[in-house]
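Only one structure is covered here, and it is reproduced in the block below.
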């Protein structure tokens, strides 16, 4: 293998740049030429690919976003689109790919590998942490800390006004961000897609809490079964029927995707990037390089996408205990 | 004067605690007894007032929110409510008041002083900066920096995806937060209540910008004449008619009120708090202690509430020039 | 078991408060009375112990330092001191202890248990991460991020002036902080106690690097075998003999111990605190509750203190590769 | 005037990039060609000058350091050096200069203008705030906030261990950083070059304070008349003679120069940059564009360098009062 290419795809996450940097420098260190593909599969189809050098990735380890940009590609879903992409890689002599992204990215990479056989190793770049095969995904730690800082700020104002705040964090299918920012932020409740949210018991507990606490924070993952934060607030407000109590909603939104990556995300991203290149060189393909139990592990794309990744039991227990 | 009391009222703002601390310690330094009234006018009516000592305000200079809590009081709008409040102060022998808050707080304080004659000096505690008689209000600098950090984060993800982002910041009647966070964040447009927003020219400029820039940030003060961020986004989207372009909205909301105060806010808060007590002792009343041109200035409550505080001309110019 | 007590000892670390909170609330949740001992073993000897309630630990999860304070106790090293401590616990009816700290704390706890038999479970509270029996210690993640932020800032000024910066981080016997902040900060070299630092090869590499890079960052753990940062800088400067090159040293010092704990530290601290209480209730003693491979693990104090905890191999490789 | 050039010189300060950006975009907006000179006067002598476009300064408003780099130039102190610099500007047809920096920068600019007559306007870029003709300098607000964050962190650990901490901040000739970070951080003492530090009275006060406070923070400007922080600590320790009390020193050092600029610094930098270009176009020269009383003011270089800028009286009073 002489030439490899790297790209980012799907929603961006903090640490993607650190991962790109590690792929580029590990590749060069091992004697490879490394190329960067712009805007994920879209740039692969358009041939928007250029050589990257060691200095191309200087001074990016601390930056959010992705220097290679990211996009969704409808065309890559078609056989014609994938053929174009393959032809572009062929022309340049690219013999291996590193795909940084989440579910959708790996689904595409799996299909592409099965059709055209270019060795491909993935790196788990998504803030949601919902990828099997790695304890944490790149960007998750930063997103949790961003959510936590917001919760810390809102608690100041919640306490000053004796309010009940519903804070919506990202997580359409997974409650990892909600759970860890909820524990860290001292939330009274955390509502996640993985468990059924029981409105009656929430309302009962909130009424009980009011005897000892004047303000409360409720963290809601956007994909909770009871609705989004605004909807849940309305339901709770209707059920509590206390005209003197103020209920407020804050939806954190896109600030959770950006920002300087934390140390943990930079180190994880660097390690996964190095492991992806080492994996390609040792014959790995159609799999993702993750870190489990402090060791690099390669997991087939099929498992990364298909296997469920449960929340940590202890974390759910903690929320109950710590809110007393 | 032997006994004074301090309270916070209206929306909380970062730095209120630093201000309370300065009032308490300056009072004690000058030989006074200082009392804290809980939850603003509400606590004054209920007699929720207690003695504060030097150590009562230890380790709060860096905290957001307000240790004295804040609330809106419907009852204080009635003559009966104000009479109750006065009686409570009388019983304790309170001879002077320091009122930390904004418009509403000073309106109440003015009325109360005119009716009962207890000397009162205000401190400008509001994130909106819309109080005449001080260059900056306590909390404004922190709110701008919080908004700016959010904009910095969103720019990462906007750039990664070539998106147009509408970011709504606080400011129902005043565009100060929008303007300063917009300049600092390198926003392409800033929409504020003070100036008429021309949809056609925005759309035209956005189309022009697209030749050189792939992503744009538009900062919207919540009180803009064209609507809130969501509404403006819909109008712009409809007018631009580009199915490939993604338009996103993020409403920063209550995170702008909380958080550790910045150095500037802590220093300003400390200075206003000291000046309020010194003012009371030198016979000032019915006025606010602010800082203009680096000097302490006492401005009648009537002017603080009634006089307009215009945006800085140069700042509006900067937005136009810097977005090219 | 009806009554337990918790204390912090040794150098403070961010997250200790979150751990205390978890101990207190888990204890109460399980029907126990929980006591707090001030200033570690010193307060145990002096009988400075008081009951803690759920509200005693409100609003501390986000605070650095330790609300129970910490101290070194010479007297606890004597049999008389330990007897006094035991008597105080006896009087209050304390039947179990949670000891939050590092090496020294656990050495004391082991001895105390062996002499007096009061069941004791530890929680790993130290920024250095040098405790066997847990993947990470409470406070380590925050310390790394604090060091990293400092490195990010110094890189700005290093790049502006083409300088070589030596940054000393904490770590008398362990290089964990140096390694993770070095990878995250894009350091050109990281010098740690665990590996021999070869002056000649550093100088040679620095000369090579200068062909492509104009500024360099070298992270030095305070306990490196070649000396502290100032000493190493002098050696390198002497060896390089380039009068035009500026060499600077920054010693981060105590800022690494303080600050708001990160999400990771708050969650880990909460989990260890809960596990310590659950451990006591299920008969565990003379051991530490840590988290390995995402699971709670109880490790005998003897092993925590005695067994070495090596750096992660991949991390050392990353530093070499990423600095090209 | 058709062509202007901009450069940064002396110690770098956060906001310099925002200032460069404003100079470039204002210049282009006004129809000028704008050039960037690398490494200050050094690059002027070497002819290291290149054209800057609007996109050259994209995405730098939030970065610390200076994209044009900075250096000290011995050669510029010689008539031959300055002649070379002039010739390089002449060849390119540069008709105006914007010099971003402090004392040394303006001293050089004044001399250069007097010898060669190229119109030059300065912008106050230094963290020390010791330039007459502007209320604040570019970078000061960021430096104060960086120092303040460090003080907040150290207070956590000081309180946990009942220690006395001496924190040294930048300020060889001026105490602005020390004073504002000291007020904001709740320091018990602040020692600055502008006032004589009386060892006896400090020791006496520290002994008094110990009756009510167990830990203390003392902020020392590096240029204090009593010595640096380490020296002062030794003197105080010797005088207090309390073997049980721990005295610690932290020198913040270069972290104060770097980091993302605050909102205030970005806005000030942008405004000064715009004003410098507008000044050049309206015939201003040999002067600095600063902001006083919220208005742009042009002050002759001679005054900027020569006139003293006193500390704010109220701030010194605050330190005394707030430490009780």
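Just so it is clear, A, B, C and D label the chains in written order, and each chain counts residues from 1 on its own.
In the analysis below, a residue touches a chain if its C-beta (ideal position, glycine included) is under 8 Å from a C-beta of that chain, and two chains touch if they have at least 3 such contacts.
This structure is a prediction, so every number in the text was calculated from the model and none was measured.
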item	value
Shortest contact path, subunit A to subunit D, counted in steps	2
Chains touching both subunit B and subunit D, listed by label	none
Per Cα centroids, the chain farthest from subunit A	D
Computed distance of Cα centres, subunit D from subunit C, in Å	35
Distance from the mean Cα position of subunit C to that of subunit B, given in whole angstrom	39
Distance between chain centroids, defined by C-alpha means - subunit A, subunit C (Å)	28
Subunit B, residues touching no fewer than two other chains	152, 155, 159
Which pairs of chains touch, using the document's own definition	A-B, A-C, B-D, C-D
In the complex, subunit D residues that touch subunit C	8, 12, 14, 63-66, 69-71, 146, 149-150, 152-157, 159-162, 165, 248-255, 257-259
Interface residues, subunit D side, partner subunit B - complex	18, 21-22, 25-26, 28-29, 54-55, 58-59, 61-62, 135, 141, 144-145, 148, 152, 155, 159, 180-181, 183-186, 212-213, 260-264, 266-267, 270-271, 274-275, 292-294, 296, 312, 314-315, 317-318, 321-322, 324
